[in-house]
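Shared between the two complexes below is chain A, which has chain B as its partner in the first and chain C in the second.
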Partner chain A sequence: MGLKGDISKHPPVSDKAQDAIEFRVPSDPKILKIVRLSVSHLCDLAGFTAEERNGTTLAVDEACSNIIRHAYDGAHDQPIIVTCKLLTNGVQITIRDFGKNIRKSEIKSRDLEKVRPGGLGVHLIQSVMDVVKYERSSRKGNKLTLAKYKNVK
Partner chain B sequence: MLEVTTRNLKNAVVVVIKGDVDLYSSPKVRKIIIGLTKKKTENVLVDLTQVAYMDSSGVATLVEGLQQVGKYKGKLKLFGLESAVREVFELSRLDKVFEIYENEEKALGTLA
Partner chain C sequence: MGGFEIALMENNEIVTLHLKGFLDAHTAPDLESELQKCISEEKYKVIVNFQELGYISSAGLGVFMGFIEEIRKNGGDIKLTNMSSKIFRVFDLLGFPALYEIFRTEEEAVQKFT
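Presenting the complex of A and B:
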């Protein structure tokens, strides 16, 4: 389910496996800060502005939170794999889980006119990222590909 | 680690939040704010000066607090938003829903 953008226009700096940073974290909310710090540092390496860095960090955090809440139903001991790549003009981050397939309604940005708690995460991800692509695994789980490019308004 | 404390003033309670507000820590913020709304605290001021990061669960907690105070015609106002936190409110278009002030003095100045 490609929701936004086209990743193929911005190739990675290198396609060598060793140039991707991959880390596996448990689906525990207390680990989210570690993910944020890592992504934030990657954004600094990419030469992002503070706004681009904050947005990308927020999107990855929201994506991991959604996995914990929806794909894993709040379980704290399931794997989340985050793979980061520097692109020629930005970053690409893939987030993989092995939980329930996320339903279409769970990745739909909600109507902001209705002021109510909850449901903002997907809207925030789509607002700040240039590419948002959801894929359901044929076996189990979901893969979300996000990309952010420099100097794109 | 997130710290949430409250400070009682003559006409308001200030909720002081220190640290990142995310899926892990937002229940702690919720407990304090909803506790105040259960006591029908008339004016709740939330000090975000020391919050460098807030995700949608943090925003949702504040929206819930705002809705609860609205039920008894109380007020919930925010002040001291860092740029990263302000961006989240702007992206959610909630910067027009909340009363947001630069600092405590300005927020207090709006109370009757």
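Presenting the complex of A and C:
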């Protein structure tokens, strides 16, 4: 399900496996800091501005937080796989989990007028990223593909 | 990058929370229990100073949303101050400036309460 943008417009720098960085982390909120640091460094490699880097880092944090909360119901010992690729003009980050399928209603951005927590993360992801593509795995889990391009907006 | 710390100060019914470090899904429960404590002690005039906060995600913003209704119902408010442009950007993306009063300095927020 494509929520925003078209990933095919900006191909990866290389399709070779060694040009992708992949890491597997447990679904523990204390690991979010490590994920943010890694993504932030990748954004520096891509030559992002501070705003582009901060937005991308935030989006990946929000996506992982949503997986912990919704796909894994708060369990701290389940796998999250983050795959990062440098694109010709930005970065692509795929976040994979093996938890329950996240319902469509849970990945929808919500009305901000209502003063209550929850659903804010998806709104942020869609605000800061250029591509947001959600796929349910045919077996188990979810795959979220995000991309951010340089000098857009 | 360190962890997350909250320094609390009280002056004439106003509680000021100075946040330091990063506020994400891991550390948001610490802020939640501090605000819960303010409410159980019936302290409803709250200022949150973001000067030393380096990072915030929606888990942190959600904490403010979780308490604002009860605090305002009791005649109080949560006023936000000293945000860097990086922190303000996240609040702005979620439409917070329309829901919360955000001040440049703590003194301006204190004046608004008194």
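Please note the rule applied: the second predicted complex is superposed on the first by the 153 of 153 C-alpha atoms of A that agree within 3 Å, B and C clash if a C-alpha of one lies under 4 Å from a C-alpha of the other, contacts with A are read in each partner's own complex, and residues count from 1 in each chain.
The rule is simple: a contact is a pair of C-beta atoms (placed from the backbone, for glycine too) under 8 Å apart; a residue touches a chain by one contact, two chains touch by 3 or more.
Computed from a predicted structure; not experimentally measured.
S.K.: After the chain A overlay, clash or fit between chain B and chain C?
M.R.: Result for chain B and chain C: clash.
S.K.: Which of the two partners, first being chain B and second being chain C, lies in contact with A:67: first, second, both, or neither?
M.R.: Once the two structures are laid over each other on A, A:67 reaches no partner at all.
S.K.: With both complexes superposed on chain A, which partner does A:58 reach: first (chain B), second (chain C), both or neither?
M.R.: So A:58 meets both chain B and chain C here.
S.K.: Just to be sure I read the superposition right, which of the two partners does A:37 touch: chain B = first, chain C = second, or both, or neither?
M.R.: second
S.K.: By the touch definition at the top of the document, which applies to A:123: first (chain B), second (chain C), both, or neither?
M.R.: both
S.K.: Which partner does A:86 reach: the first (chain B), the second (chain C), both, or neither?
M.R.: After superposing on A, A:86 lies clear of both chain B and chain C.
S.K.: Residue overlap on chain A between the chain B contact set and the chain C contact set?
M.R.: After superposing on chain A, chain A residues 29-30, 32-33, 36, 50-51, 54, 58, 61-62, 65, 68-69, 112, 115-118, 120-121, 123-124, 127-128 contact both chain B and chain C.
S.K.: Along chain A, where are the residues that touch chain C in the complex?
M.R.: 29-30, 32-33, 36-37, 50-51, 54, 58, 61-62, 65, 68-69, 112-113, 115-118, 120-121, 123-124, 127-128
S.K.: Over in the complex, which chain B residues touch chain A? Could you list them?
M.R.: 20, 22-24, 53, 55-57, 59-61, 63-64, 67, 83-84, 87-88, 91-94, 97
S.K.: Across the complex, what residues on chain C touch chain A?
M.R.: 1, 22, 24-26, 55, 57-59, 61-63, 65-66, 68-69, 86, 89-90, 93-95, 99
S.K.: Give every residue of chain A touching chain B within the complex, in rising order.
M.R.: Residue list for chain A touching chain B: 29-30, 32-33, 36, 50-51, 54-55, 57-58, 61-62, 65, 68-69, 112, 115-118, 120-121, 123-124, 127-128.
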